[in-house]
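Given below, in the form of structure tokens, are the structures.
There are two complexes below, and they share chain A, which is joined by chain B in the first and by chain C in the second.
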Partner chain A sequence: MKKRSHKTYWIGFCVVVALLAAAPLALPDFWRRFLTEILIWGLLAMSSDLLVGYTGMLSFGHSAFFGLGMYGAAAALLTVSPPNLWLAVGCGLVGAAGVALFAAYFSTRLRDIYFAITTLIFSQIFYVIIFTWTDVTGGENGLTFRRPPLSIPWIYATPFTNETLHWFVLAVVTASYLILRRITQSPFGMVLQSIRENENRTRAVGYPVERYKVVAVMLSGLFAGLAGVLYAIQNRFAAPDFVYFLVSGETVIFNVMGGIGTLIGPIVGAGFFLLLRETLSRFFTEYYLIPVGMMFIAMVIFMPQGLLGFARNWLNR
Partner chain B sequence: MDASTDLHFPPAERIGSAPLLRTERLTVRFGGLAALNGVNFELARDEVRAIIGPNGAGKSTFFNCLTGVLRPSSGRILFKGEDITGLSCDRISRKGIARSYQITNILPNATALENVRIAAQSRRHRWSMFTHHRAYGDIIAKAEAALEAVGLRGKAEVLAANLSHGEQRNLEIGIALATEPELLCLDEPTAGMSAAETRDAMELVRRIAKNLTILIVEHDMQVVMELAHRITVFHYGEVLAEGTPAEIQRNPKVLEVYLKT
Partner chain C sequence: MSAILEIFAAIPYDQVLIQTVNGIVTGMILALVASGLTLIFGIMDVVNFAHGELFMLGAYIGVVVLATTGSFWLALLIATLIVALLGAALQIVTLRPLLGRDPLTTILATFGVSLVLQNYALWQFGPVARKIQEPITGSFQLLYLEYPWYRLLIAALSAAIIGALWLFLKFGTWGIWIRAATQDRVMAQAMGIPVPWVHTGVFAIGAGMAAASGVLFGPLVGVTHAMGLDWVLKAFIVVVVGGMGNLGGSIAAAVFISLLEAYASIWVSPAQAVIVSFVVLILTLLIRPTGLFVPTPK
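Then we have the complex of A and B:
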């Protein structure tokens, strides 16, 4: 039976990826772009699920990792000519990882709400730095740059089209999902879940819990930074708004709506939330946040597990 | 026959000269109160030692010091001749001291097997990130052996929260065993157990004591008298008496503060 559910899982996985890959050929331009964005926000949400869902650490600092990914990519694209895709990815990841290490070192000494508050404060510190350091970051206006070509280093390069950009994002998000999934199933991932279940007991059987938390925050920050890089490449700008804590809040909402501890759930949550916001803002114009908020409250009350919470055990096999 | 006689007589030849665990003038103060006051204690390898004493005598504080939960105010703890005073819980666990808790302390939302698997894994592959945890046969074998040792092999796939109280107490010991300790500290392993469960738990402790040094805090005198080679009596944070069960039962000081009821 276990074997069959395993097979169903991989068939489902392939079907979904195939549909997502085929989508830009069928969708009008606006919705194609929208779908690409959902994938990027989904990656951000998934990265924070590693902390929120698997380690039991509520992070309100993911906007900093996302934003530093953006600005890291921007730095590479603006200083090196011709702009290089992989250099942008590398710089974005280095930026995000640096911030993650810094934030993790201080915040993982704290637990629960204190951890959440500390990550929030760190992200706001980075927001203020980016917002005020106009010479380097462009301040309020942010930075704009050209999109690098899609390239295989030294072999082949071609400018991104709308479709290839979507496929590139899809490939990165899919690979990230598979890596994160494997991490959560590994002995390391089991320790994270053990920390979530009973931190003291985990320490008592011989795990240096703080070090595991630092690594978890680093990994999470790395994937959040990757999402930031993708967003920068898609939109050709980096802006301080994306380092602001509202982005972190939305990341948590994606997780809660989709179902924490499932990796897939946060992507679904991101898609659901963005679609909801898009649809409702057409009907309610500037008041759209009121129905969105009511919907969120209703979901938390009637569906505390999130959209995919029911499949949690199955998705974690 | 057996197991119990076996255990009561061999200490003399089994116990080597260098103690496995030794504390020197171990003191813990909470504000003005000395919960432990200059405790000198020695535990030989392969011994089963019970610690008894009235509530507040410092038994739990002593355990917490040995396992790194509390940092002593002064004094030293030597394990296998090495100073482990003030090391963190996880370091002490990796040195080879495991403990079970008075209040059941397990992962309730994980299966029994996962509970011991996590513990077994703390000794090998604990940073492995890109291999599925089920691919490590050595961890699973260790975990299953630990479950077998505490009689929970048949309940491997049951959620820990759904086990009976007695089974959870045994799982607690199984988690400790899975870390392959040299010294096992049991904090009231029979707390809250029925008479039948207590018998089984004693049988279990006797079984695992064959190749393990055990330090046990216990209130049930029958359990203590039957299991322990030697008994240390704590009173107001100090060692009041130490000796074989027979000596302790005759000791007038012990009778006065503790056993007279």
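Then we have the complex of A and C:
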């Protein structure tokens, strides 16, 4: 029985990836771009799911990791010429990891609500720094840059087209998903889940809980930074708005709507939220957050498992 | 020796005096906001993410009432009452179903509330900042500045409201119920205290205090839909630095942090002075995670 459902999982996985890969060939330009964005926001949501869903730490600071990924990529693209894709990815990851280490060192001393608040305040610290340090970060206007070519180092380089950009994002997100899935199923991931279930008992068994938490925050920050790099490459700019706490809030919304602790759920949540925003903003213009917020409250109260919660066992075996 | 004297000589004492007064005034407002937040947290284990939005809504209701009646004090009273009622309604609708669940879900619910309220205010009142006219316009000479009396009045009023809250908690029947529910929720329930209604009442009081501080603070800055977030962040810092759920600690921390920020803004821009409070928070987390202004737990 177990083996068979394993097989259905992989078949389903391949079908979804194949559909997503084929999508840009069939979709009009607007929806292709939309789909790419869903994937990027989905990666951000997935990274925070490692904390919210698996370790039981609600992070309100993911915008800092995402934003530093963007600014790291921007720094690499602006200073080195010709712009190099992999250098941008590397710099973005280093930036995000640095911030994550800094935030993790302080905030993992606290639990539950205190953790949520300190991560929020940390993201605001970085927002203020980026917003006011105009000489380096461009302040309110942010930074704009050219998109680097898609390259395999020393072998091959070609400019990004709309389709290859989508495929590149899809490849990165799929790889990240597989890595994250592996992490959550590894012994390390099991310890994280036991921290979620009962932190004191985990400590009593002999695991250095704080160290596990720091590593969890760093891993989560790395993937959030990767999402930031992708977003920077797609949109060719880095702006302080993306370090602002609203992005963290949206990440939490993606998680709750899609279903925490499922990895797939947050991507679904991101897609659901973006679609909702797209349709609702036709009726409510920029006030779409009023109905979305109400729906969010209702989901917190009545549907704590999220859209995908009921399918969790089936998906994450 | 002379180097130390030079440093002391370089401090602009006149500005320090002015910033001390400024810091105490904003500190008292912040204490009013934070004491509502800490009261709600201490009793219900709820971090009210929507606290800044209640503050902002209070200020807007103050604007509307002031425009129709022309009386600032009526505006203060009505805004407080309306937002307190709204707070009670919000607690019943969104937080009561979450009783007994993971406290983290209450952050999510109040975060949703803050989104709705903030966008409602944007929709209803537009993005242009509104102004509340101060009720008294006189000023006195503070060194070379014309310092408005109204600022001192705010500090006094905030202190009076906090004092009234303290007396109420100490001697009022509801106050005693509230303290009982803080100490032991189950036992309080067993003694016949209507704990769910105590929770609703506490949320209403906290919301009302946020609204009152919104109206009081309105004349100093413009009233905008986004004014809440700055305050709720600062109030969070105050509550953590002062020790979660500790009323006296919050007040001390509010004045402490506001003073530090005021002094910092002598040398750097106010936007960067915010960093000072962040640093205080980080140091608190490192040295005394239970809070700076609480006695050492035994």
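Structure notes:
The criterion applied here is as follows: the second predicted complex is superposed on the first by the 317 of 317 C-alpha atoms of A that agree within 3 Å, B and C clash if a C-alpha of one lies under 4 Å from a C-alpha of the other, contacts with A are read in each partner's own complex, and residues count from 1 in each chain.
Here is the rule we use: contacts are C-beta pairs under 8 Å (C-beta built on N, C-alpha and C of every residue); 3 or more make two chains touch, one makes a residue touch a chain.
In this text the structure is predicted, and so the values were computed from the model without any measurement.
Shared-chain residue A:E197: touches chain B; no touch with chain C.
Looking at the shared chain after the overlay, A:L101 reaches neither chain B nor chain C.
Contacts of A:F296 after superposition: chain C is touched, whereas chain B is not reached.
Judged by the touch definition given at the top, the superposed model places A:L27 against neither chain B nor chain C.
After overlaying the two complexes on the shared chain, residue contacts for A:S186 are found with chain B alone; chain C is out of touch.
Touching more residues of chain A than its counterpart among chain B and chain C is C. When the shared chain is aligned, chain B comes close enough to touch A:V205, but chain C does not.
When the two complexes are laid over each other on chain A, chain A has no residue in contact with both chain B and chain C.
Across the interface of their complex, chain C is touched by residues 58, 60, 106-107, 109-110, 112-114, 116-118, 120-121, 124-125, 128-129, 131-132, 245, 249, 252, 256, 286-287, 289-290, 292-294, 296-297, 300-301, 304 of chain A. Partner chain A is touched in their complex by these residues of chain B: 67, 88-91, 93-94, 98-99, 105-110, 114, 117-119, 121-123, 125-133, 136, 139, 175-176, 178-179. Against chain B, the residues of chain A that register as touching in their complex are 179, 182-183, 185-191, 193-194, 197-198, 200-209.
Chain C meets chain A in the complex at residues 41, 45, 47, 94, 97-98, 101, 103-105, 107-109, 111-113, 115-116, 118-120, 122-123, 229, 233, 236-237, 240, 244, 269, 271-272, 274-275, 278, 281-282, 285-286, 289.
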